[in-house]
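Heads up, the next two complexes both have subunit A, just with different partners, subunit B and then subunit C.
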Partner chain A sequence: MPIQGIRSVTKGRNGVGAFILQCKRLDFHYCDWAGSSRGMLSFLQHYLPSFAKANPQIEIRVSPRPNKHPVVKGHYVNGREKVICVRKLEKEQILQKANLLKEASGEKLKRTKKPVTSLNESVRGIWSPYHGDIKTV
Partner chain B sequence: MFSRSARRGIFDVRCSSIPIWTRQAQCLLHQGSTGSQFQATPHEIPPQSATSSAASPSSSPSSASLERLSSRPQRHGVLANETTTTSSALDFVPQTRNHVPLNKQPVKPVFTHPLTLTKSLVSMLPHLTSQPPHYISAHLHARPYLLTAGDHLRLPFLMPNMNAGDVLRFNRASVIGSRDFTLKGTPYIDERMFECRVRVLGVDAEPLRIKEKTKRRQRHVRRVKSKHKYTLMRVMDVKVKTVEELLEEGAHVIEDGAEGCEHSSKVETKD
Partner chain C sequence: MRPALRLLQPLEAPSHQLSSSLYVCLNCRQGFCPRPRPDVQSRRNASGNSPFTEKVRRKLWGTDDPPGLKDPYGGEGAIQKTFRKRSQEKETPEETQETEITSGMQDEGVLEMDDVAPPLPYERAKTWDGLERLGHLGKWSDYAPTEADEYVKFLPERKLVKMGQLYTAAHQTAVELCLMRELKKPLTDVCQILEHENVVFEQIWRCKVNPVDDSSNVDGQLVFLNQQAKDMLFFVFEQVGSQSEPSTSTQTYENTEIEEENGSTEELVENHKSDAHPFFGYPKPLDIGYLSMSLKDPNMKFAFLKRLSQLTGHFIPDSAIASITNIQAAIDYLETLVKPKPKKLAQQLMTNKELQNIPNVQVFQSRRTRIHQDEELGRRKIIEAGLRERGLFT
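The block that comes next holds the complex of A and B.
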């Protein structure tokens, strides 16, 4: 077994010890006049209090955005943000969108083919032809 | 045929005819079902506490490929306390799995036979356990995932009824190994011999895919859109139990040639 030195650089791996939800803030924007905000207004009245209570680690801001369509905006730990326009959606659909923003990682959407991403070194090491027994074919 | 406004009017009337308390209860139920209760793991609770409770022989895992091991009992305990204090008040604290009926809760695993170890396995297992780090080939829905502690796992599907922060235990593995030693199952290792826990990080999606469908001699092109969702996980630990731990949990040691040993796992050394 090779001698392993002390590794100085630590890598952030959320969830190994403690787990921090990546969504840190949700902004809800609405318009008092426009009809596209009707579902948003009823969401703010009916669902938002319980949603906020169920997710105490997410900061929630509600602010008017007059003469514009309603928008839910999620801010993430990695500095990115995701915006979803909830024009003409019902309050249940808006709750789904809020849950989507809550569970998202904040990363840009990518198509990946490999399921496992590892920062660790290979456990069994890299094969070397100069070590071990002499192989007979 | 209803117009949209007429339908909406009916919907509103129906909604408003429901008394206030039931509507509130509906909201809260809905909240409890989809809006999940997330609880950040405090630093002072190590995953080993769950480990020790699950590793006891009384609560042995089942044949299901997953065992839900998040802090459910604690949450239920918390819920009980809170409801006793604020039972009269209408402000309700939604919980995640409270709405799941008892017969649909995760089944506690039951074993008919104690774990049997052959003598050769007992003699070889300390070599494996004393040589970290370990890798595991964990099987989930008949697919192997080669995992080490700290890996990021993005399942090729969306696992239903999962919330961010949940902890799962993978209990089906074909191979566990270290640098020089490998524990192989026939075809799977007994789930009482190892522990592999993953934490659900959230849900990810792929970029929108647009597939263009065409027919011959037509100018029309149909565009089919799809956007799949995937569950993100992080491997918390991969651990092989030592012989002492296995014997404490009630494992039996048998001779190499005895019957039943053909089903037991074997430790192999690297060539």
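The block that comes next holds the complex of A and C.
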């Protein structure tokens, strides 16, 4: 019996069908002893399973960092890292920070001055004197 | 009358000493005149040899022979009295009075030294060996222990850690207390038995406890295997603690090998041999009725927890006692002691089944360092290879 492919029609997703999450790994560091890690310990016990299930494309590593404040470190596709110290934060606040790191692109934060941001600096292109009609002064 | 030289001394006395040709004005005379040395200066009494206090007394009383003590401070002191006493003892009758006066304090000191001086010639010590020790002669640890110093712990050294053994201990305690209550004996007397004989324990293990809400109704609580077992257990527990009225069913068990452990503590300790296999290896009792037995009665509760602590070796604090209302609650508390929660979060997360099923989660027990990162990236092999080439790594 010949193999038949699945008949399906490509769905237009406005160019976002092949979206790759820029965050590839999240590291959660905590301290067993320090009080500033209390929220972090609670987050790892209660929120981490659901967070990991909801984001299967992100690798999650949990490791202790004794005698240090708890941090969440995000590793991105562009090779950069972002670290957020979550000392004394509650588990809900830590979840917000984890989502922030997950949704980040990994680039440095830049101030957006223009309403439109594009790779092409100008739609009309750069002016050249050798192109176009002959100008008369 | 003799003039009072004391007042005139600073002004007039130097004028007698200096030559008459040397004139010093009255203002400069204070600084010019050599001051008398205090050690050389002797006290002068303006009138006679009577001391100042005596003169005051005479003046106050207005007569030359005032009543009362001559010395208002109570006479000679304790040291002076001692010296006088010793000197009187040492003095021989032929010694004259003058020698005593002239020798003064130095002679008395010598006499005193003769009193305590060792007969051997004095040798200066170079070490402290052989010298007399001052203060306490020894530390408390130097003395032999007395009877009051000996301490025997109520709780045994070994602690039961298996849940089956805890259930067996609780069942045994419940049966024992029910027996003691039926015999109308003090409940805490059960603690005098450290360990039962195998035969007795087997009968206890086979007993069932039917929980009764009304604690006063004790008749239906214990269910024995048979009448013989009941008689045997009653006989054994009648011997526990203070002897009550003689039992009627003792004649059948006098020739058995049952040995009652109501004797001295030494015998009980000797009989306590089965540390390796507590409860003779009996498993968890099949009966579960005792678990819901009420411990609302304070006496029953205290006796039960005391005996349970003795059998299991676990201390039950007051905070836990308040929340224990039945035997199941007591076992639940012991379970928390036996199986304490892992202190490290990594251990908790690694045992979390929900996390184990998620493939994108990794939990590490130790801190991740650069070495781990090198290993992960494969960089460590290159580094080691480079070190080997240079002979820096073996």
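Assume the second predicted complex is superposed on the first by the 101 of 137 C-alpha atoms of A that agree within 3 Å, B and C clash if a C-alpha of one lies under 4 Å from a C-alpha of the other, contacts with A are read in each partner's own complex, and residues count from 1 in each chain.
We take it that a contact is a pair of C-beta atoms (placed from the backbone, for glycine too) under 8 Å apart; a residue touches a chain by one contact, two chains touch by 3 or more.
Note that the coordinates shown come from a computational prediction; the quantities given were computed from them, not determined experimentally.
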Exercise. So, A:Ala54: does it touch subunit B (first), subunit C (second), both, or neither?
Worked result: first
For this session: Go through the superposed model and pick first if A:Asp32 touches only subunit B, second if only subunit C, both, or neither.
Result: second
For this session: For A:Leu41, decide between first (touching subunit B), second (touching subunit C), both and neither.
Result: second
Seminar exercise, completed: Per residue count on subunit A, the busier partner among subunit B and subunit C is B
For this session: Have a look at where A:Pro66 lands relative to subunit B and subunit C in the superposition and call it first, second, both or neither.
Result: second
Exercise. Once the shared chain is lined up, is A:Arg13 touching subunit B (first), subunit C (second), both, or neither of them?
Worked result: first
Exercise. Just subunit B (first), just subunit C (second), both, or neither: which does A:His131 touch?
Worked result: neither
Seminar exercise, completed: Contacts of subunit A common to subunit B and subunit C in the A-superposed view 53, 55, 57
Exercise. What residues on subunit C touch subunit A, complex-wise?
Worked result: 343-346, 348-349, 352, 354-355, 358-368
For this session: Spell out the residues on subunit A that touch subunit C in their complex, using ranges where they run on.
Result: 27, 30, 32, 41, 44-45, 48-49, 52-53, 55-66
Problem set entry | Complex contacts: residues of subunit A adjacent to subunit B | 1, 13-22, 46-47, 50-51, 53-55, 57, 92, 95-96, 98-100, 102-105, 107, 109-112, 115-120, 123-125, 132-133
For this session: Using the touch rule from the top, collect the residues of subunit B that touch subunit A in their complex.
Result: 23, 27-28, 30-31, 34-38, 40-43, 92-94, 131, 133-135, 145-156, 163-165, 177-180, 199, 201-207, 232-236, 270-271
